[in-house]
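Let me give you the structure first, and then I'll get to my questions.
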Amino acid sequence: MIRVAINGYGTIGKRVADAVAAQPDMKVVGVSKTKPSHEAMVAKARGFPLFIADISKKAAFEKANIPVAGSVEEMLKSADVVVDATPGGVGEKNRPLYEKLGVKAIWQGGEDHEVAGFSFNSDCNYKDAIGRQFVRVVSCNTTGLCRIIQAMDKEYGVEKVRAVMVRRGGDPGDIKRGPIDAVVLNPVTIPSHHGPDVQTVLPHINIVTLAMIVPVTMMHMHVVQMDLKSDASRDRVIQVIEDHPRLGLVRKATGITSTAELKEFAMDLGRFRSDLWENGIFEESVSAIGKELYLFQAIHQEADVVVENVDAIRAMTGIEKDPAKSIAKTNKALNFVAIK
Amino acid sequence: MIRVAINGYGTIGKRVADAVAAQPDMKVVGVSKTKPSHEAMVAKARGFPLFIADISKKAAFEKANIPVAGSVEEMLKSADVVVDATPGGVGEKNRPLYEKLGVKAIWQGGEDHEVAGFSFNSDCNYKDAIGRQFVRVVSCNTTGLCRIIQAMDKEYGVEKVRAVMVRRGGDPGDIKRGPIDAVVLNPVTIPSHHGPDVQTVLPHINIVTLAMIVPVTMMHMHVVQMDLKSDASRDRVIQVIEDHPRLGLVRKATGITSTAELKEFAMDLGRFRSDLWENGIFEESVSAIGKELYLFQAIHQEADVVVENVDAIRAMTGIEKDPAKSIAKTNKALNFVAIK
Amino acid sequence: MIRVAINGYGTIGKRVADAVAAQPDMKVVGVSKTKPSHEAMVAKARGFPLFIADISKKAAFEKANIPVAGSVEEMLKSADVVVDATPGGVGEKNRPLYEKLGVKAIWQGGEDHEVAGFSFNSDCNYKDAIGRQFVRVVSCNTTGLCRIIQAMDKEYGVEKVRAVMVRRGGDPGDIKRGPIDAVVLNPVTIPSHHGPDVQTVLPHINIVTLAMIVPVTMMHMHVVQMDLKSDASRDRVIQVIEDHPRLGLVRKATGITSTAELKEFAMDLGRFRSDLWENGIFEESVSAIGKELYLFQAIHQEADVVVENVDAIRAMTGIEKDPAKSIAKTNKALNFVAIK
Amino acid sequence: MIRVAINGYGTIGKRVADAVAAQPDMKVVGVSKTKPSHEAMVAKARGFPLFIADISKKAAFEKANIPVAGSVEEMLKSADVVVDATPGGVGEKNRPLYEKLGVKAIWQGGEDHEVAGFSFNSDCNYKDAIGRQFVRVVSCNTTGLCRIIQAMDKEYGVEKVRAVMVRRGGDPGDIKRGPIDAVVLNPVTIPSHHGPDVQTVLPHINIVTLAMIVPVTMMHMHVVQMDLKSDASRDRVIQVIEDHPRLGLVRKATGITSTAELKEFAMDLGRFRSDLWENGIFEESVSAIGKELYLFQAIHQEADVVVENVDAIRAMTGIEKDPAKSIAKTNKALNFVAIK
């Protein structure tokens, strides 16, 4: 059993904790929180030992009836791997501690590539992660792009990718972030950073990305256009998506035309937290015109990287050397079959 | 086993179906849908026999790989009780059919009181519903108001209620309804219809309500002010809420200040569909100043009436004559303990 | 003086009326409204004679203290040109009346090309509209696309256009339309209708468009990518935009990164109704990579077609045969100099 | 001519500058900005001399082609009165400078009462401000409450006020602030700070306020309920509003039911920046039941305090000792007649 610590029990951390706990070959040794909150209460309800960065705040937790198991450093000492899901930019500062304690560490996409020196995606470079001490799982948007690009690259070869990301302003539980009534270019300059970020995983891909932020909370929406190296047929593209464990198909018969309805569908299907771990590719949008491919895909910013973190743990510890087997194990433990 | 049909498998209907299926003393004999959709697919996944109003559309369902069990009339013939969860105004038109077939029927709050002649709330008038053929479960907002008013009326006597309802514009999966950036007075006139609607359940209560609509999807927020007949203490009010099976307390220690965080908490706690069947009363807001009481309560428009429908089924069929026992059974079957 | 009637005094109609009234060579003979409202009051305040479609409603207007000048048919008889700004789909039904009365008519982009048989854009085909009886001014999005495509086509030749339109859900004063919290693919299929609509004006342009709707009210945002026939330089592209009377430049020094700030800027500059009649092209976004051009442009859905309607009036009546002169006259009368 | 400096040329400052410039008895000697931006460009376009707090940033402004007239201290030396419209909390830090230079100063409601020691509303305590060196104009919400409370107190006597404020999340041009999809209790505790803030102006008024934030940008909406000391008639209340220079009436005949439509109406009427300087009281909502009064009023957060600042300038300098005359002068110079 791989012993996993989750440093930062927030939007991503709490999901990774549940996903790890569901796996047969790993367990959660602890999660961390900086102050008492409803999420800390959830950790308690789940039975995850709760550790805190600043042990002087122990009384505040106990006053809120939330037991504290110890300091973050103590948590790390009992772990083989730590998943760092602290807010973007904070994770980098934790690296010296992880180095000192010799614990393997996974960062999220909010950190720069350089913090780990290796950026991970299960479909693209699992084997290169085997045995590594430090790995960064790329962001939700980059993960979603890597999956579909890699699938098409294997099938047809990809000459060029142009992608527009229409991003959510904040997560559903985030009450601070806007905008309320604006489309915000983020950045105004072209290209956005997402293209280079895809290249940390797939360095040979020629990609231009543009990004904006809109007042929604549920999912990102991607417009993906690819120039392929050989002619594609729509039927074959859909077949490739159908065969892929983490590419979902939003079928025409569902009548779904939006992120909101797609989340409702995931909810009704009984997915915990209504999570979509897969890319939500809209079947009707898939258009192959000669060597050009167009499609819309919805990306659940809170969820798609969760399964990648689980795979990264397996790769780094070497407990499973075959990416397909890890992906299958991860998915099975979560009862996750991509919608088709 | 009471045999229950759900006519209209949408936002409310799908939740009532799952709640009924979870009860030990009732079962779902069928649900209905007017056209193939993701919700029809969910009915299939749940194993609920699917009936359709217009049998000529059978082919359209089958083309979408959704089997059709028969017509709505056939569904009704196999049922003891039908829960009508069709869109507001449609339910009324179904009454002649229910009368003809002699099936007991429950309508939702989108219909007028007169359609059933009896408006129901588990806490307030369960016993009066025993044996009735037709019952209307009042709307989400009215249900939430009835619960807290009845609780305070039993404890202190209620002289007058003033309530402001800040309503969600549409449900999370609804992509048509606005507003996008406006506060809409609905109605502009004072009082709104909610006060008289409370009086269909609690005729002796003096109540003035005001309502507006804002661009949110998650929950309604109520400002409730009551003039009580005797002095209240904040501690006692909180105690009454703590002891109530369907009044929840959003504790200060959670740090929750909004509808969005409250839904996130319900989600993290593992509530199916992140549903809050209880009133979400904000502990810190409870203020008793002499005979005046103030509080904020969040009302999950998709969920709070679901448990009321289940109780109404028991009352109407007479299978359980004690309201407290029905409420306890309903809650237990859903693993529902109000947050405290 | 060309006599202009405005049939439909709503979002577009009220703006066209003001723009016409500001011109030295035309005047407003009347505007129409179907029921008393704040917009009818504005027509009265402006001194525009108000005509109504259904003369039996005259009493309702008078009760609201809004004088009625007569029927729509009477209004049309006193006009040389009618600008039909009725809701999409209604305009088509008015055509027989316009034919019967022999009045020249302009429809908006909510109608199909076929209703007029000629689709208009001042920059692209002004001369072809000279003397026509029926003209359709293309929609706000199509107008914005035509302007930038035509400008680049004249300079470099355009091989292919790919455009993504992130559309506002409703206008600022529209309280019915959503979505509230969703990205809606509209349509899910690729391409959207906007590409073919551009081709009603610029038939030789190879264009693929995609469109979605988001919960904002202020402006649309376009991602425009073009494959040009010859190498472009960023400086030259910006120069072309600077020289164009209806292409605006949102300069880096403004710090503006969003639709909301751009509207604020137009408001502060004293533009009536904060209108942006020009394309709002973000200077920093303009990227020329060999023969590829990328840019973001904001399109004010309520405003950009207004000046096109004024030009169309001049072309159809033949009062001015030179497009550049009409554009200059229209702009001058509105004190409109595109932001640069 | 009173010489007025505007320290902080943002949402409020830019409006106060324009309002001051429109008055016959005062002029703008300068406005300040901390960095180049579209608002700085607007100051230049208006011809307002621009001063900067940190003179070392002069080059940055000049690079953006915005001339700098000098430092804020220089601006203050040339002024009789400074209107401090810097962000909340910053204004307080400027007090020592104003004291040192002996310039009269006005702060906005984002600062505490103590910063000036006197909180101002034109209707309530103009005469008490005569000759003062330091004055605080209360916030938009408090201003709106003071106006209607004072008007009713003069007519009937006010026993108690209960008010619920449904507040906008951010201003239209603000792209950072949320929430996107939540009702946020702000604060959760009851009462909110608005009641005590009203009492800084009207100390004898018994008032309880509650406040929440919703995802809109256009206006706040108030629910106001008053227990009066004598019976009120609806007609008389409406008459009082009609006779008041800064209480507007949103008439039933307008069909307006929302903040969004009200802003559209103000825009169409030609109000600069679509500003509503008056309370927007919904005629149909005005309900008098014995000694109880209910109404809805919309408050334009960017505008209502602007005219109060102008009056405060006159009171402090003693140039006009009669509040009614100052109010009339201010309104006339802006062509401001409250909608009725």
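Should a chain be cited, it is by its letter among A, B, C and D, assigned in written order, with residues numbered from 1 in that chain.
Note that in this section a contact is a pair of C-beta atoms (placed from the backbone, for glycine too) under 8 Å apart; a residue touches a chain by one contact, two chains touch by 3 or more.
Since we're looking at a predicted model, the values are computed, not measured.
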*asked:* I need the common contact partners of subunit B and subunit D, sorted by label.
replied: A, C
*Looking at C-alpha means, what's the farthest chain from subunit B?*
C
_More contacts between chains, A-B or B-C_ = A-B
*Rounded Å distance, subunit A centre to subunit C centre (Cα mean)*: 42
_I'd like the Å distance between the centres of subunit B and subunit C, where a centre is the mean of that chain's Cα atoms._
46
*Please work out the Cα centroid separation of subunit A and subunit B, and write it as a whole number of Å.*
36
*Residues of subunit B that touch two or more other chains: which are they?*
172, 174-175, 179-182, 184, 215-218, 257-258, 260-261
*Can you name the residues of subunit D that touch subunit A in the complex?*
169-170, 172, 174-182, 184, 215-217
*subunit A to subunit C touching residues, read off their complex*: 162, 164, 166, 179, 181-191, 208, 210, 212, 214-219, 221, 223, 225, 252, 257-261, 282, 284-285, 287, 289, 294-296, 298
*Considering the complex alone, what residue numbers of subunit A touch subunit B?*
14, 35-39, 41-42, 45, 63-65, 172-175, 180-181, 217-218, 253-258, 260-261, 263-265, 267-270, 272-274
